[in-house]
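In what follows, chain A forms one complex with chain B and a second complex with chain C.
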Partner chain A sequence: MSNTNEILERLTTESYEYGFVTDIEMDIAPKGLNEEIVRFISHEKNEPDWLLQWRLKGLHHFQKSEMPHWQNFRMPEIDFQSISYYAAPAKKTKLNSLDDVDPELLATFEKLGIPINEQKALTGVAVDVVFDSVSVKTTFREKLQELGIIFCSFSEAVREYPGLVKKYLGSVVPYTDNVFAALNAAVASDGSFAYIPKGVRCPMELSTYFRINAQNTGQFERTLIIADEGSYVSYLEGCTAPMRDENQLHAAVVELIALGNAEIKYSTVQNWYPGDKEGKGGIYNFVTKRGICKGTNSKISWTQVETGSAITWKYPSVILRGDNSTGEFYSVALTKNRQIADTGTKMYHIGRNTRSRIISKGISAGHGSNSYRGLVQVGAGAENARNFTQCDSLLIGDECGAHTFPYIEAKNNSAIVEHEATTSKIGEDQIFYLKQRGIDTEKAVALIVNGYAKEVLNQLPMEFAVEAQKLLAISLEGSVG
Partner chain B sequence: MLSIKNLQTSVDDKEILRGLNLEIRAGEVHALMGPNGSGKSTLAAALTGRDNYNVTGGQVIFEGRNLLDLSPENRAREGVFLAFQYPVEIPGVSNINFLRTALNEIRKYRNLSPLESKEFLKLVKEKQKLVEFDVALSNRSLNEGFSGGEKKRNEIFQLAMLEPKLAILDETDSGLDIDALRIVAKGVNKLRTNDNAFIIITHYQRLLEYIVPDFVHVLYNGQIVKSGGKELALELEEKGYDWLKEESKERELV
Partner chain C sequence: MISRDIDTLYDQFIADFETKSVLMADEPDNVREFRRHSFEHFRLLGFPSVKNEEWRYTHIAPFLREVYSTSSEKPGSLDQSFLSSLQIRSLDGIRILLFNGKYLPEFSELPPDSGIHVSALTGAYQERLVSDYLGKIADASKNHFVALNSALFEDGLFIRVQDGRRIERPLHVIHVFSSESNMFVQPRHLFVVGKASEVSLVESFLNFKNEAEIFINDVSEIEVGSDARVQHYTIHGGCENARYIHHTEVRQAERSVYNNYKASFPGPAFLRNNLNVSLNGENIESHLYGLYLAGGRQVVDNHTIVDHLKPNCQSNELYKGVIKDEASGIFNGKIYVRKDAQKTNAFQKNNNLMLGKKAIVDSKPQLEIFADDVKCSHGSTVGQFNEEALFYLKSRGIGEERAKALLIHAFAYDVLEKMPLASVKSHINKLIDEGLKT
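Showing the complex of A and B:
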């Protein structure tokens, strides 16, 4: 027993690989949140007036809002006036090619293993790279443009495709949705924008890599993906941040719109700095993600692998408006040390014959706390709605916690809603079995955890499934018994 | 190959093995019998380094090395294999992937390069055939949803794949029907060589009809109280353990 506990202790307190800081000249807005700052951000980005007005509405709504109180953790005090809401690498001129990018930045992404250089890129993956508040580079833009696919930073989209942005921005997550959505509307920094035209199947993975670097700043990106009729796109986001003693806020909003017969697959591998083993520092990852299946036969699928952040608080959801539409949510959330995750999904069945599938796998180690919170709502007109939910928790050690809060509201008698849940512990006997076959504890735990999470990892695009497997193994390094 | 001298082991401060001695040479099969609670499984646990089994005295030399100094995984890599009495299920981890990881970890320890996919699959095929293991089971999750018999047969398949020097079979025959028992025994017999050795822990003489041991030992109260040839198993089957218990009590009194 003592032996296992020691290993557990070690495994659950491992260091963070991406915690370095890039020393680069930055333009940083003064701390504080007020109308002046919102105007400053909008001006910095050369935004049209309608967007500024929308930001200001968001700000005013935020100022009236209160913090939520239903979450299953103690909400930390956040002093919104002590955060700087805009940080960007100092720009000398407009960036035309990679040669214009600060070499420090290039080195940073090289170190992170992000293919910013198209020659070195993974084949079949286009990347938008966001550093603090701005997009640094989007690869393969021209190639995608030949197919009519728009993939660029959100700021560029506002300048170049204002019609599309205006039509869809805030249509799925209005600024009135919740306090962080309001904050995001007010100070939204860069994110990604993608539009897939009618009938086009996007031939490569679109991905965004988010990096927080500057101190005392937050990241508030806005991502908007529109899949027009009959199109398909697979999108992936990854994130890291330096190790710092103070907490940093990440309050993003992602909106997905799938029109008739369109499909969007959205994957997240979230590895923000989780704080140290005593729970000092780390990112507050308070994110609103929602998609709407607007047209018939449309499909939205969320897959998330959440290993980082001090607190992860998000519920990627799907509004199943179109008849025969499908929503999916696959999640692996790992908490160790003092990490907290309160995550899950909401599936709103509105159209007829809508289907949803929820697979949630929580892994808690150390003093980590993991909550699944989900809502399956079947509206009165949602004939033949189907839902299947599976919600599993895996405990490592005896000082962590796992909780589930499933809500079901069915207003139509034809609905079939299934919920299955299990809680298990990595047994000493499982570890010993593997050790007896020559596999050491760390590899044994990695095997067991990856086996447990397999159903979700299988949903990730191939290149990233391998990365995610490694990430799970690394995150647990030194941590299990 | 294996030399156990005066081995003492306790669990939760309760002494289970009280000075056990056993010598095993390459090429030998030793059967270990004895009533419930006599310490048979404790011996298997102590030799493989299971947590909570505290060796409080004695010495175990395996192939010239002090076995008790090694971690459980290194004992396995040195060539000690335990066919578990209750093999565990590990959902989502395929049998094949698990075996490949195990095999390559063992090879790494011995400074060998990992097996190429092709070679590995060839080996799998060969060993599957040798121990008559169902191909479909190889691709399923490790022991998940396997019947009791299938789990035991999987232990023998792993034994065939990993080719240990010393294999300890802990009640591999329990829960097996007669056909499965025969297949398991046949597999073990095929794996016997002049270079490896087996310790077969069993309650029944039946298994020993198929796997004929060179020596039979009776464990009682944490010690080996009687050793003999294969006939001893027959005698035990007939007479039970009571006469041995009496004998050992008398000895203790003396």
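Showing the complex of A and C:
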């Protein structure tokens, strides 16, 4: 046991791997949220007037809204006036080649293991890199363009494809949706935009890497992905942030639109700074993610591995509007130290013969608290809707908590909805078995947890599955005593 | 029927308390204090709206818009044939009759056993147990209707089972509600089951069809002593003009067993069952079984809370709903496992058979776990008849109607088989058949 305690001691004091700060010249807007700053952001990005007006509507809605109180954690006080809403690396010339990128920035991403350099890049992954408020580089753009695929930063999309942006922006997550969606609409700085034309199967994984660097800022990116009829795209996002004592807010909005026969697969490996073991610092990850299966036979699949953030609060959802459409949600959420996760999904069955599948695996360790909250709603017209939900919770240590709040609402008598949930402690006999084979407790736990999460990790593209597995193992280190 | 704002009813109760406190002046100080205290809670809470998470799926307002009189009627003469019609065949229970929430000893059987005491609650204020437990088990500070009942209850039952007694015959408590004009009635009951004793309690709820709407807001508090065993059945039937908020709050001491069996049938327009069990000791077992058959435009809502406070306890919950026509079936089950409650096993399941084209099912099971050495699970399903099973029966020459009825009985069987009293089981089976015909 003393050995385990030493490991515990060492690892809990060991720092978050990505906690460094890049010293880079930044343009940072003054703190505070008001019309002026919204106009400033819009002006800085040369946005058309309709977008500015939309932002202002978002701002006004935000100012009218109250903070929600139904969540399963104590809402931290967020002073929206002490946040700076825009931070960008100072260099503003258009980047055509890597030589134009600030070497400091390049080094940052190298350190994070994110391939900006196409030669060194993993083949088959195109990356859009977002540093604080702006996108710094999108790789493989030209190659994708040959197929008619648009993959660029959100600001570029506003300039170059205003028609598409105007048509779909806010169509799935309107600014009235919730208080953070309103805030995002007002101050969204950048994000990724992807459009897959009719009948095209995107040959590589599209990916966005988010990095918060500046102090006293928040990150409010906006991602919009449109899969036109018969197309397919797999999209990934990853994120890290430096270690800081104060909490930083990340309030993003992701909108997915799948037209007839299209499929979107959206994967997240979330590793924002979780705060230290006393719960000091860390990111508040309050994100609104929603997709709509607009056409018949369309499919949207969310996969998330959540290991970071002080508080993770999000419900990636699918509106199953088209007949025969499918929604999926696969999630692994790990909380340790003082981390909190209140996450899950919503599946709205509207069309006929729609199907949804939810697999959620929560792991709570230390003083972590993990909640699954899910809604399966079958509308009166949704003939033959089918849902299967499974959510399991694994408890490691006696100070943590696991909670399950599923909501099932059926208004059509042809619906078949199944929900099951289990909560249990990590199996002593399994650990014993592995120890017997010469595997130490720490590794045994990692092995068991990986086995437990396998069903979800299998949904990730290969490189990321390996990455996520490592991430889970690292995050768990020190939680066994 | 005159429709009005529910605020009017709220105002009526506020005014009622003023007048009633004069009438209640002869009650003991502790009871008056309890009423006053609870009234303050109600005054702040008012009636719940769908914005309240506990009432999210249950729109209560339409049922509170009627003009209700808050004083209940006395019974006319009750003849023998009427009384025997209330019996459950071959139950051989000790009959305890309540009319509009008032205990009628003249129509009840006096307990043959000295180990058991039955009286009107208001007549038992001098009993130490009443002052010890009344209002101590059901918390009026958070629940709108418990607060209202605690402030303004009229009367009800007080039953006490002495320590170490095993009551052979089940107690059959029959609640009859009847009124010529709209009535809002608030019965209050207290059951104290002594240490190492054993008792079966069967409660039937009935009303008769007429023009008058009856709103029943009753609260029962049940204290289960250590090593005691309680089998508790409630059967809600009756007619459309009844609306129920039926609140039961149970507190169990170490090594006790409390089993609750609920069955409800088409009839009352509205039925809300709250069943809260708190496992306040080690090595406790609690089993909650429920069967609800809802028809017409009925709203049937079952809310349960199982609160594990201490280690080494077990709880098991199974609620099954058959929702016909345009009825709504709502289920919310919460399991709490507190930090101290290590080695808890807690299971919960809700299955719904959705038959009506316009039926609605809302199910919300819920687990909240703060201990780590536990085994907990819950499940919830919504579905229809198994086509293959139906086909199988039809291919054997069983008509569709009969085949469906068979499958519903089979569906209900999982709950019924848990009931130790065969007479109650067959009574419920009969009610299922009647319920399917309506």
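As a convention for this text, the second predicted complex is superposed on the first by the 463 of 481 C-alpha atoms of A that agree within 3 Å, B and C clash if a C-alpha of one lies under 4 Å from a C-alpha of the other, contacts with A are read in each partner's own complex, and residues count from 1 in each chain.
As a convention for this text, a residue touches a chain if its C-beta (ideal position, glycine included) is under 8 Å from a C-beta of that chain, and two chains touch if they have at least 3 such contacts.
All of these numbers come straight from a predicted model, not from anything done at the bench.
Asks: On the A-aligned overlay, A:440 touches which partner chain: chain B = first, chain C = second, or both, or neither?
Replies: In the superposed model, A:440 contacts chain B only, not chain C.
Asks: With both complexes overlaid on chain A, does A:70 touch chain B (first), chain C (second), both or neither?
Replies: In the superposition, A:70 contacts chain C only.
Asks: Touching A:417 in the superposition: chain B (first), chain C (second), both, neither?
Replies: second
Asks: A:406 in the overlay: touching chain B, chain C, both, or neither? Say first, second, both or neither.
Replies: Only chain C; A:406 stays clear of chain B.
Asks: May I ask you to decide whether A:425 touches chain B, chain C, both, or neither, giving the answer as first, second, both or neither?
Replies: After superposing on A, A:425 lies in contact with chain C but is clear of chain B.
Asks: Counting only touches as set out at the top, which of chain B and chain C does A:395 meet: first, second, both, neither?
Replies: Once the two structures are laid over each other on A, A:395 reaches chain C alone.
Asks: Considering only touches as defined above, state whether A:43 meets chain B (first), chain C (second), both or neither.
Replies: So A:43 meets neither chain B nor chain C here.
Asks: In their complex, what parts of chain A are in touch with chain B?
Replies: 1-4, 427-430, 432-441, 443, 447-448, 450-455
Asks: Note which residues of chain A are touching chain C in the complex, please.
Replies: 70, 378, 380, 393, 395-398, 400-411, 413-425
Asks: Any idea which chain B residues touch chain A in the complex?
Replies: Counting only chain B, the residues touching chain A are 48-52, 71-73, 76-77, 81-82, 84, 86-88, 90-93, 97-98, 101-103, 105-106, 109, 141-142, 158, 162.
Asks: Taking the complex as given, what residues does chain C use to touch chain A?
Replies: Residues 53, 57, 339, 342, 352, 354-384 of chain C touch chain A in their complex.
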